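Right, one structure below, let's go through it.
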């Protein structure tokens, strides 16, 4: 993971509507956007950011880049990501919503083979408050600190960050891993990264009903995570049929032999409690839970205090 | 490279006509065929060799295997090879002729990523005289010794080996890399392997007109090969239009900017002579050339005598 | 998007998967021109399972019986839905029935092959016997043979069943499917295979690159279009409940959370509406303003609506843009709309936005709990006023 | 296998690559029913290049001119071949002409994208300006954009030319092609693209899995079938020369080497015939015997043949099998065939085979040089006997 003041960043799809809104916001935050990519727009500029037709062309001109933030249309995401990987970029943040699962499966396979970290798609990206913004997070909601937020939501992540900031809990990093069913990096991967991250003291996991992501994450916390984790799950009062995800997902879970109730708030909260993860009833309760777990120290076998 | 008395071997396509002829011959030579594969024939035997439906099933039963020799029909070669690679086998010998180039391109890409050695297709495979037979070489033509034969031909390899054996030049290894335009391992790869092989003292390269394989090999010999090499090129008296390969190959060479005369005996012999590789006029001249180069010592900077 | 059986079978046929001779029946009298010899099976073409138990599948021996049976099936609702089409199909003598499917394994981020020797039943009933193979790398037919062996198949069936699976996988890949299922795949006494029933679910995100599948979607009767998740502006879905507070929100997680908070605070919802995430690549500010306004219009259609709570979070520009969109909406409907609004927005432009909305007598909050308390209080006062 | 221009364009069209309105003309009178407005281009559909210079392409303004031009083109041989079909096509105003191709790079074992801004000319003439991109990993459209940039394209042409290249690549991959070429790809003043001429070479080894292409092959006139390399038994090709010795051999390298040895020893060849490699997966001993016999029958058709030299090498069984096949052939043709045979075989069964052939007065050698000397000596004695 390399998301610091030193990181060099590229924006793919910089002339797309979303790209042209967020690239300047990201640039304002820390000035690390070296170039934007938009085939056919090579030679132009967007608020001082030079635009190139091709990733490798940009790298030839601006030097090595750590991360690319991708705003291209959904059916072009796979190609943009493969272009970045082929050019040697090993951290990708895909903001775009609506990438076909088949494309993501192919991207995940190739990303795994090339050890590329893919965040998203359909995600707000990453913010390291005071250092770097890689995505759509409204910077004003965030303050530097020691809490790592990993979320499966977009705007709800902002809400949670705002509650924490107002309560004096700054963030070491905050990211949304993406709301789609097929995403690059998972809760488990990020829990591991945050567990090892020296700037992070405690982890806030933000989930919602649907899919088995939180259940799998809870299992992983039991096995591998030492730092304290608290969670918030949205959708606990929703009628069960709503928002429990795509029909295909249900078929998949059922056929895959998972028990029927996977995906419900009940199942997620039970799994998290089994992992000794306190679950907030509302975002505004998170600061209290953080105080409790920080008072109690790390979850087990503390590596550092 | 692991082609010794200790090697463990699998035969894919053991119930195909070629497979059922050569598997028993290979088994007679050194008894290293642990299993044969033929979907639908699991549980049967071929002259004592147990047959399985699937490679992984065979490995579960007989343990690890180094090499698979593939005799399946041409359109099934890619699948058989990928099955072997997925099961962890890293040396493949594809005897079958007529594999579509697109399949070979995909196989080469995946083989490179998994560091798998692919010999063939359309090849007689490998023989290490006195140790192991992996393919179709008529064992009676070969004797153990210090000459490594690497050939782009099939039956002509046998002819060359027979001349050498009769003249007292036994072989450390002999192989055909395949007559097709798209093949797994190249002359260069094998020249390198034989250059490093402790059992090989001198290398005989057997080529024929068509393609640029010998020209490329000659360039590689200049750059990277220390041991003495002698060569024989078939087709030097053929009318030029005959056997210079597939129309596509010509287009490819021409468009790729290679000079027109690539592929002719003249071009190949000139390239080899430039690499200080003596070229025999006929197979029966090879023993004389071998005596000359062995008297002269290694080509340059001798590593061992 | 689900396909009907006959649509799925058409795709099977194009891919070379064997299906029985069959004919689409749009009206009972079509049976008089039937080209398939009797006995024939008539099957209700509906999107739900369990049609056999419900009486939606009938075997008939002659035209008179067939017309009568077709009339019955056309008039038989299955989980509330009537078929627009029946499928008339030849009968088949199966020796055994298998189950085969290719689905997306969302957690593994890989396709998954599924198979069982206990086909013909509900999937749920046979989960215990279901075998799985993950397609870990680029597909190759050996993955299919691996499944066939795990299913316990032997001899020539290993190859023939693998061949069907390979074709199912190609279909899955080429058409961006979430699911392709054959259940049952019949095995005749001679070992021949026949797809007797099939199910295909196309991925909604990928429909834009499959005009042939998108055309099938256009044919889906309106009664069941609610199965389709919202994808673009025209399909933002309003979820209606029994209370009186309406929630307009952006993003699924924030919407769920806002619903939870209202419920937890004792409020009762008339409806909620998620405007969708911020991550649509073509969301310019103009598109967002339009979407907010269209969302508000849709929201006003909910029954029992007494208070609207707007909770929209996002980038620095969104605060003012939302306020503007609400203002435009209210000015446009000034006469007809008397429903009170409670708006929660956050951002640098909060004060500016507050002034804009104050001119319309709308309270603007930056604290969500406060906004919710106000919305509930307003909804209660409306109730009391009744 | 090469496709004709109109066949290539049909595939372009199916793939969504823009082509001009066109019509296949089988006879000059077809032009009376022409549906394309004049002016029109008439093009000879032959397999060779250079048809423009040879007069095989003509612009016509009306039906009378068109019929006359068509008659001329039908009667105009191009490198010895007459067209069976003409293509009538609309005229196009091109602002610029590009060259695009996808081929196999045999050495790199990867597909290669080729492009140049100097289209419309002979490839050979523009090799200097040709840009290349190797498709190193799984294809993705960025490889096409990489080529477009290397070609020096700018602005919207980068994307539009890449789109065409992507479609060419899909065609290349789906149909197992050796070559797909568009030359020229016209760019209109408005920036629209149009494939004015195209060339497709299908891979012969893969034809078995492309019935649509194999069907085109069946239509190729006999006069040019010799372009097709031998693939199966029915197509083993006899190469005829001017001398009097015939060589029957197995494997290309061994055949070439035997030809060389005969030439080097002063012999002159009537013909040589390569029975093919031993690596056809379905070569059972019975198939091999049949192939040897059919090879001998084919060999006997060569003009001036005075001596047949058989040189067959292979596994332990092949020696005796070959002897048997020769014996069967000779016994069958005992009366008609007086051509002397010289046979060279090697193997454990050499003695057994020698006995078998001795009964037919055929000398069997295990040394190739000796066999060749004998063949030449026999051919000379035949010459002297004349």
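Think of it as A, B, C and D in the order they're written, each chain with its own count starting at 1.
We adopt the following convention: contacts are C-beta pairs under 8 Å (C-beta built on N, C-alpha and C of every residue); 3 or more make two chains touch, one makes a residue touch a chain.
All figures in this text were calculated on a predicted structure; none of them were measured in a lab.
Chains touching both chain C and chain D: A, B. The pair with more inter-chain C-beta contacts, choosing from A-D and B-D, is B-D. When each chain is reduced to the average of its Cα atoms, D sits farthest from chain A. For the pair chain A and chain B, the distance between mean C-alpha positions equals 50 Å.
Rounded to whole angstrom, the centroid-to-centroid distance between chain A and chain D, based on C-alpha atoms, equals 55 Å. We define each chain's centre as the mean of its Cα atoms; on that basis chain B and chain D are separated by 26 Å.
With centres set at the average Cα position, the gap from chain A to chain C is 26 Å. Shown for chain C are the residues in touch with two or more other chains, namely 136-138.
In terms of which chains touch, the assembly is arranged as a closed ring, every chain touching its two neighbours and no others.
The set of touching chain pairs reads A-C, A-D, B-C, B-D, using the touch definition from the header. For chain D in complex with chain B, the touching residues are 2, 101, 103-107, 109-112, 114, 123-124, 127, 130, 132, 136-138, 173, 176, 178-179, 201, 203-206, 208-209, 227, 229, 231, 239, 241, 249-254, 256-257, 259-261, 263-264, 276-285, 287, 312-317, 346-348, 368-369.
Chain A meets chain D in the complex at residues 39-40, 42, 53-57, 76, 78-80, 82-83, 86, 106, 110. Of all residues in chain A, only 13, 16-19, 21-22, 25, 71-75, 95-102, 104-105, 108-109, 121-124, 136, 138, 140-141, 151-159, 162, 179, 181-183, 206, 208-209, 211-213, 216, 232, 234-239, 242-243, 246-249, 251-252, 254-257, 281-284 touch chain C in the complex they form.
Taken together, the chain D residues at the contact with chain A in this complex read 136-138, 140-142, 145-146, 149, 154-159, 162.
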